[in-house]
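Starting off with a structure, shown below.
Chains here go by letter, A, B, C and D, matching the order in which they are written, and residues are numbered from 1 within each.
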């Protein structure tokens, strides 16, 4: 059955302490981007093909040599032990079981090595999301640990030089227990772990060398010119994202930003970075994806894969690892169903299935 | 008087068991296409002509040599005995009396031959809708029976390689009584009657040969390129349809899809299929048509005729054959009235009467 | 003070029998054009000029040699004695006192000659609206009487070859007392007075000769091509109208239709008809105008003058002739105020003050 | 923390007498421009840059040689003593403390010289807004006093040749105490102080000579052609404004008007006036700005600085000078935060950060 994510969220809301629910669910400013992210996908009409043989539908793909069973991937989110005692380890294991990519946050509340082991056991794939911290030595140490633990790519978050001001904060902010900072350990100065505000395109190369050549993706890109600059600086691709409406409020919804970015990387000069899927720089997207039809619309507009954030947290809160696995297989099933109805037997058939105009 | 279809639906809803009403009324996914189908027609403004002689308005047309008194036609819908004991036989007879085309579903709950006889008596026209089933022999047998019983054309449904997941299903699905499967009879394997997922353009030719040369239409086309491919493969035309919002949710509303498809067939290369009305491939449309003004807008945008589905079921449930006949003559009257007010004395005057822009 | 037309309508609704209020207020079909007419003006943003000398604002104009103090004119509406015992005589006198043009309906419930006298006394201007009736002799007789009584132009209603079906009719239709048919008198056959459905462009010339050369306008034009055809057939201009949403429902709102029609007559070939204002064919508009800003938007989009219908009926019902005069001077005052704020000292300064795009 | 202006307004509404709240909050006509001003900014999506060094964000700017710490400026509003006993003196001092520009209204309820002194003490900058009154001698006297008191520029209000008719006036209008007319004193004829309706482009030069060469800005410009005419007549720039929706209702929202005006002055012929920021005529904007993201959108669309009106009145009513200072520093902080998230380290980085399309 198609997962009903709205219902899942209602259940999680009832289960979680209010400040934790708000911490996950909320956005910055007036939450206009938060709402618009969801709404924008629903305004993308689909243009299905008919009379294609869809007796078998294949959602699998290959990313830089790694096979995945689904383009539905888990976005990096912070402190998952706030949602469930097993936190990132559970989520990562569930993703691996579902054949889905998992991205581990710098703000993980589980040890990097434990997550790596949880993914390796079922033979999965994970990437490491990097906040460049004020203390770059600390940052480099984490990256090296992640690579050693099996991260297959690095994701540089570029849209958070400062922390977005959340609407729902009320003084009674979420207090993250000290025990959750398992990867950095006690620091001489808490400020060292804060995000650096002076990260630039040059840091793509720095990360790339730290990673020993594994792909570096830049997350948080909404502009075609920035996407081209990332690739020119060595990125293997970009993730079109506005941080789920948690950073700059009124940033363009990702469903509107995706196609121009994908077009710029498709039409741009040959990238300097490592060749992505189909020999090109790869474009990913997140933000507001809540159903198989949303995933299809995103792939149709040029995304290689699609990241899901909050729904994974609701599934984790309600059902632990099995809940996350069911969510991912459910969304993948919804995608496969939509692909069949749209005449797409494989992901290669998907581009172009979205209506180009903006309608409501 | 113009039929008030919203009121008719309310009456049918009160009469029918809830699960049957939901089975007919519901759509797939979030029902976005279901709602958008209706809304999209209402956003098409009309551009009436003035100072034309409309002292007599003629809604008649000829389709491949068959005369019809109205371009309002009955769309194929399944298991009409769920709505009324006389089912498809009543609907078909009513359409024939109204001078309207009737399309019989593969999932008819009346015997094909009984329907053929009911239409023949008042001298009407009917077509047979074809789901290609997994057992192609079974499919061919049904098609041959339909042709023998007088079907004047075949309608290949192309947008249902799998069954759309309905929003309103709740485990307590409609259980269709075994007695309704009157045309297939007891099967060795129920799966044989399920829709095949490997139907392709080549099947147009297969059906055409089964039909002995009667026109084959493809139903469920939303894309201009697919429409051209259908014609190139031998189709006499296409029905622009998204299956009433019951298959791929978020598929483009038909009011938006119609004009580009009509344009593609008008401007495309000479079709290989049999010549349709005015020597060209014919374009039809269904989905969300609820008033004479909707019919006029559809014809103005390039449709040869317009299919109506759910309203026929409500009329059948509330009034049997007379109810269906009143609905069809009422809608035709509403069309004639709108034509007079728009300065169109015949259907040939209608193209171009719709405002090209999308407004609300 | 600017007249509050919404409040005036509420007062009239309370005063009038329900079926009479509904007869005036209602529209055809689903009343979509009725509602859209009003809404469409409010979506036209104004683009005021600054730093113009507006110490005196002049709303006067000249139409075919006749001076008017305001471009706010009274649209023809039927049977005004349903609203007030003095009916058209009161309305016409009030318009003349306000320096506004009055158009008398063929369906007047006062004698043509009485209306002519009521306008002549204060030195006003009136036109006669013509429904071509099945009995053309009867039609011609009425037109000759109107011309003899002082009508300065003829308005051929072209959008009513049949009567639009009203949504609010409930069997209990307004029964117009026989005494109201004061101009046709007892007829051998009531059908003789029904509107003819075979009126064509040729009737423009017929009316012109009946009128002895006074201007003939065509009312109900929404299409640029029809407007050009009217002028080519001898019309002095057109009134962009959809009959207040009472004829073809879903006809284009007049605020959307106006600019293309005005553009077509401005750019078209030299008209064969008599020269209108500024030596060109004149374009007028009605439908949904409820405030001085609406009038300004209409003039800015190319109208020479603007007709108001229902608000006049509400004013007549609530206040008789003085009520109508106050409404017309109030709307004119609202227009003058808006002109001053938009930097327009005279009507010649108004074209171009509306924003070209469609926004909400 | 980002100031919550909606909450501030609610508090002010509870504090102030209703007629004073309505006097400030209301707009003209149906208040369509009033509402649209606010809504239009929220429809401007932002297009942030990533991977820029924003470790220090600078909101400062220079206007004709004067340094300001923020592009958030105080719009001229009348009779501020209605909101708070200290009136304009408090507001002006608060702006100076915040490093923000203050514009004093001709309708100030504090003496011009007292305001000048209040700004001079913390070393701030203020401009004088000029209503050209019927008595030009009186006008000239006020302007000379303002210049003598330290006004750094003159702002000619051009959109108020007459007073807009307010929707919320109910006979029980605000009666401004005679003691508030501190700058004009008792006049032989009250009409002398009314706004002149014959102000033209020539008055720009008159004001410029009265001001001894300090910049003259024209406020109330919505059209590119008018903006060019202002500059050609000697203006140093324009303020895109519709008077907060208080003059011509249905005037274009400023968020829609800004970019075309900025484009016209950027692309136009070399201005005759004094060179503004970056050697060009300066474009400012007001109307509906309620958050740092609105300010960023305005600057991105070409504004040099942004004026805020009603929120300053609410802050003044609720908190006097400290309240105003907190509002201005709060909005500036919100802007700086948004700039950091958009990759803009200084105002020079801001142009182009807004999405060109109109979306909702």
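Convention: contacts are C-beta pairs under 8 Å (C-beta built on N, C-alpha and C of every residue); 3 or more make two chains touch, one makes a residue touch a chain.
Quick caveat, the model's predicted, so the values are computed rather than measured.
Listing every chain that touches subunit B and subunit C alike gives an empty result.
When the CA atoms of subunit C are superposed on subunit D, the rotation angle comes to 90 degrees, reported as a multiple of 5.
Subunit A and subunit D have Cα centroids separated by 43 Å. Averaging C-alpha coordinates per chain places the centre of subunit B 60 Å away from that of subunit D. Across the assembly, subunit D contributes no residue that touches 2 or more other chains. Residues 1-2, 42, 44-55, 291, 293, 297, 337-338, 340-343, 355, 359 of subunit B are the ones that touch subunit C when the two sit in their complex.
Every residue of subunit C that touches subunit B in the complex is listed here, in rising order: 29-30, 32, 36, 158-162, 164-165, 196-201, 203-204, 218, 220-223, 226, 229-230, 247-253, 256, 358.
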